[in-house]
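Both complexes shown next keep subunit A, but they swap its partner, so subunit B is in the first and subunit C is in the second.
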Partner chain A sequence: MRRKDCETMRADRPSSLKELRNILEQRPENLRFIAGGTDLVLHLRRFPNEDLHLVDLSSLEELRQMEIREKALCIGASVTFDELEKSLLVRRHASSLARAATQVGSPQIRNRGTLGGNFMNGSAAADGIPPLVALEAQAFGEDETGKEYRFPLEGLNRSENPLLRNPFFFLKGFRIPLKEHGYSDFAKLGSRTGVTISKLNLALSCSFEDGRIQNPRIFAGALAPYPVRCSRTETLLISEKAELPEFLQSLGELVRHTIPSRDSMPYKRRAIRGLGEDLWKRLQEVRS
Partner chain B sequence: MKALSFRYVGKNIPRNDIVEKATGKLRYLADHPRGSTAHGRLLCSTVPRGRVLEVHTEEAAKLPGVLRIYTPRDDPGFFFNSAMSFPDQPDLQDERIFTDTPLFVGDAIGAVLAESDEIARKARNLIRVEYQEAEPLLNPGKALESPSFRPGHPQALEGIMAYGKEPLSRDGTLETIHTVTTPRIHHAAMENHLCRAFLDYGDVLVVESPCQMIFSIRFVLSRIFRRPLNKIRVIKAPLGGTFGGKQEVILEPACALLALDSGRPVRLVLDRNENIRSTRVRGGVTGTVRTLANREGMLLHREVETIFDAGAYATGGHRVTLAMGKKLSRLYRIPSQIYRGYTTFTNTTPSGACRGYGSPQIHAVTEISLDLLARKLKMDPGELRIKNLVYPGDKDPAGGPDLGNARIRDCLERGMEAFRWKERRSASFGEERYRKGVGLACATHGNGYYGTPYPDFLSMALRICEDGSVLVNAGLHELGNGTLTTVAQIVAEVLDLPPENIFVSEGDTQLSPFDAGCVASRVTYVCGACALELAEKVRQRFLRQMAEVFAVSSEEIRLDNGRAFLASGKSFSYGEAVCFIATKLREEVGDYLHYKPKGNPASFGAHFAEVAVDTYTGLVRVTDFLAVHDVGRAINPRLLEGQIFGGVQMGIGMALTEELTWNSRGMPKNDSFSRYHLVNSPDMPPVRVLLVEEEEPGGPFGAKSIGEICTVPTAPAVVNAVNAALGTELTELPLTPERVLAALEKLEEREKKG
Partner chain C sequence: MKIELTVNHVPRVVEVSPEMRLLDLLRETLGLTSVKEGCSEGECGACTVLMNGKAVTSCTVLAFQARGSDIVTLEGLAQKGELDVLQQAFVDNDAIQCGFCTPGMIMAAKALLLESPSPSDEEIRRGLEGNLCRCTGYLPIFRAVRDAAERLRNHAG
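And then the complex of A and B:
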């Protein structure tokens, strides 16, 4: 029996998907999933009378896997940033994501915070999402009826997506398609070097064919509610003739177009060049 | 420097609480078990200015475990000032425990008392408050001209200090005018504010608080609750950082009210966001400096005007304004000066004491403008300072206490050499994305209250026990900086026994002798000198008593590492000697001393910073740092260095990242550590420390203060380095990436225009 007085928090910690499904079938009131808790616990501290029913996903082994499956790198939703940072698979097939993971919060946050939580929490400044979008990742999960879903991350309209608005939908993980000669990178800008929220971040993915850049994908995070694609900059990369100043200018233009009237526009328009140059230089090193 | 052979002074004695702190055994107030304690949480205003019309407590009161909900109706109706410590102080009294007319977001309007902290927090979130809102005053410049939002209290206070006459002739003189602004800053002690209060011995109100001034808290509580001072017992609790943030009386009145009303022991705590919103901040300053100098770089005249944003209440705000003015005549020999300081009030978190008490602000204002003057004179900023700095033995032309053995010249000259200043200053900065530069700044601060309106005195008792251990009964406050260890080292040196055999007490208003408080950089210079003089007094008494007991002359007795040696070769431990004296003379080996300082010399520091600026992102990184300090004598060099490392960290924060801001509706924009950024370890440079130890007369073994001065020159040194690296004239602190890029853009535009 669950007591419902004010000092008791309702929480379940399913140890298998079956248990989780049993809980979800009941469609419990005020359900909230918790994984690392690095956002939710702060929220609860500030709003202690929100009477939430917490369901802790961190014990589900299925959500903690990292493996190659069907030509894709599959990363469970409860994989922590610390695990992403240290995983050889991630470093090899999604180095941008590993790089992003090293720059999230503090070691304590990285020990607890999960990639799934980073996505589901929906912060515009989430560092894990631009690399996933650039890598053409898909998310997969299931709802309370047991129906499975898989959807691409790119171009998602978070606030109007019925699946993301369904409180009983739980994310199981991400699928990153493997690419031959693939390359990816990430750079971030906050107000200090470590333990900082992104003011801007930039993720790149591409592959190489005979030293030529193929299928470049560049996304800027923390600029809009969801990562923004830098199409013009990508075109420049393919043209092979592009030089660094043009490349940087195109990024500045993107900022100006995306947030023309925001107070932070003049700063971000200039500062994105710093991230652009970091990506550019590393890209040239890899090519040569 | 004379040759000295100290046994304990100048040695890196491990601090007295190092094991407890390192093993987590030290029990802070937050670690105490619940027992019968009731838990309090403040109900704070969510509007920056208004009137509380109604507090709807019905929902909250229904929660099981809620003991009582307090609203403005429960306020005792007494107005106080949280910075006052004596009844004759003229500070304006405008604060209440629970106000019905909140003046900033975070102003306490009530509280919840409950059986657990969780219940108290939940209940608080269920309370709905209706306000009649008024337009908040947020801009300190505008606030100066506006009608007061605190009825009966002035909206602006003015302080003027001046000496000498501005030269009439302008031949060959150069004039510069600069305006520098400094941010409002959160103290960021690791331990949030908290307090415990209960009734004991019938009707003694006991208040345990991690604080800096027990007697000041006692005074304010006695006024509010109309209780005799001897029925209020304030005990200094173990403290996890303060930096001035716990100097004023903040949570104690509310906690005492809850305990007196409920009859229960009450624990009142704040979370970080409440700490940032509701306690105190370092006040922000806008300072304008007009300087006259000749072509050779001699300063001829200076005029400084400051506007100090004291926030919503009087507190110690105007004291800071005056303290800033007093620093101006104690660093450079300037023939004439005028200081006009204005304190004004805005609907934001009140200002209070914060490490340096105005010194970091006023030195940022003057030291940044001095570098810009050097630029105009085409002179090395180090050279410009050397031409003008004070000398040992100088008097304060504005009438303050004499400067004492002022060794700022040694600091600067030795620092310039150790930092390879000239070489690095003339190195090319590069046109690439990253530009490097070096900067320096000098500063001064005080050693106590002597020469100010605030009384500076204390007493201590010292006793050698029957086993030879020593008790020093003092009203001290260990703030984490090693005060108790330092005092033990001083006593150990005089009595010649290991410091670990000496227990130095912290303050308890029922049990300790009076002490003004561990504030104003007074502890080592004033309290340390008291301990020294008292230890000498006890030593003489001990020798006289032993001479009588052993029938020898006291000159024949030698004290050595806890044993007394007689000329005959016989020796006794201190404990044995104390027992002989007790048996034969019926006397205690101990004494009591009243002490007041006879001076307030200046402490000095010169800081040197190297920075690398990313001209793409505007991020500044301090890449090398040297701190040189005139400390008179280091009693414990390691503890002293620890102070400097922390001071530099705070100063870099003031220069680069730390700034509390409110939006146009008066809401705090960054009341959490995810939005308020200190400089953390990845961004800290290596900090080298160089000490100038030339002995300050009046200080124990020549020692003087370090705790505040060490954060004072940092910010201007860093800003000067950035301006040197970029060729900018950045004067709005902190130098956020946004401000750095905006300044670069302006510079580029100007260059384009030619």
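And then the complex of A and C:
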């Protein structure tokens, strides 16, 4: 649908955080942040009568940085999937996130879509979020008063989180704690091989000590509104006695418990075994 | 609002509205009709242009976001009456049938070759995965991009 000519629609493209803060201090009505635009531009077309005040975050250099700071990998909210995929820092310290980035959309979408937008858009199928949660990432940002916030991504209740409900809160980035001998991985299933939206995905992080798996964290994405932790599967990994069939069965059980009455349960219960097998095989290769 | 940007190597100052897409600016304001509107959702790649050297679907970028950017469309490839190597390779490899996807396909390939002048077959496939073609079955397009890369290598050598 074509948009009507919106007399009251506004757009700003601040070139610095200072400029952005000046805009937010005014608490503009109907504010909506935009970065890559890969979701919001479609929304604008779908709802042509919405008069929004768009504020573009994609040009803020402060939100485009990737660096090691205070024993953590810090990734700016406006870093694109293409940049994540190619970053040596991300590949080294958050390889699951780099792997997820390679599987997002097409080159055109990866060149524009941002990690911050992937999180703030709140899609259950967002590929960037399960790896971040598994890696114990925190998000950080600022509200219109200049107050800074940092919060863990795990267990987030998006719909009731006051920060995420505050239209003047802007996300500045993510902080992933560095781990010695850390390892992480990601596997995704869509309706086709490439340029596909997740029907199901699985992210894993752990570390190794003398060849033993420590602190495994496994999260399934696109199963519920927010990544679901696979606690029983993690326990199996720590026990060191687990074999592949048990590992896969525990994942299938997670699906059965999480979405018992959904039509897609039988399919996803089987499908997650394929993803689990991929993760298991790569994990065993790294261990050996 | 007025924005400054460079389109096909020419600096421009244009009036845009907040909701105007880069696609609309290029096609309707600047008359660059090689930029095709297909799905309008960033899925088909027909509207692909280069934005600061990277392939983007111009239907998912708002025009005001292109302020200060360097935009190249298919019209900006041919120089001094000579087709770009990629354009010539598409002609020579019969990689065009109805032609609707061709400008976006060539711009996606251009971005690929700018970043990776000697792409592997897998890189070519991945570089073009955001562009749909309903006519050719993709093989002639794939061959054209491989041919263009080879011509560029030979020319450089």
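Operating definition for what follows: the second predicted complex is superposed on the first by the 280 of 288 C-alpha atoms of A that agree within 3 Å, B and C clash if a C-alpha of one lies under 4 Å from a C-alpha of the other, contacts with A are read in each partner's own complex, and residues count from 1 in each chain.
The rule we apply is simple: a residue touches a chain if its C-beta (ideal position, glycine included) is under 8 Å from a C-beta of that chain, and two chains touch if they have at least 3 such contacts.
This is a predicted model, so every value here is computed, not measured.
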Please indicate which partner A:34 is in contact with in the superposed arrangement: first for subunit B, second for subunit C, both, or neither.
second
After the superposition on A, what does A:277 contact: first (subunit B), second (subunit C), both or neither?
first
- Mind working out whether A:112 is in touch with subunit B, subunit C, both or neither, as first, second, both or neither? second
Between subunit B (first) and subunit C (second), which, if any, makes contact with A:45: first, second, both or neither? both
Ask   = After superposition on the shared chain, which partner residues are touched by A:265: those of subunit B (first), subunit C (second), both, or neither?
value = neither
Regarding the shared-chain residue A:195, is it in contact with subunit B (first), subunit C (second), both, or neither? both
Footprint intersection on subunit A (subunit B / subunit C) at 5-6, 45, 194-195
The subunit A residues in contact with subunit C across the complex are 3, 5-6, 9-11, 13, 34, 36-38, 41-42, 44-45, 52, 54, 56, 58-59, 82, 105-109, 111-112, 194-195
Per the touch rule above, subunit C residues touching subunit A in the complex are 1, 17-19, 21, 40-43, 45, 48, 51, 54-57, 59-62, 64-65, 67-68, 108, 111-112, 126-127, 129-131
In the complex, the residues of subunit A that touch subunit B are 5-7, 45-49, 189, 191-197, 264, 266-267, 270-271, 273-275, 277
Subunit B residues touching subunit A in their complex are 63-65, 116, 118-119, 121-123, 125-126, 271, 273, 433, 614, 616-619, 621, 657, 674-675, 677, 679-683, 736-738, 741-742, 745
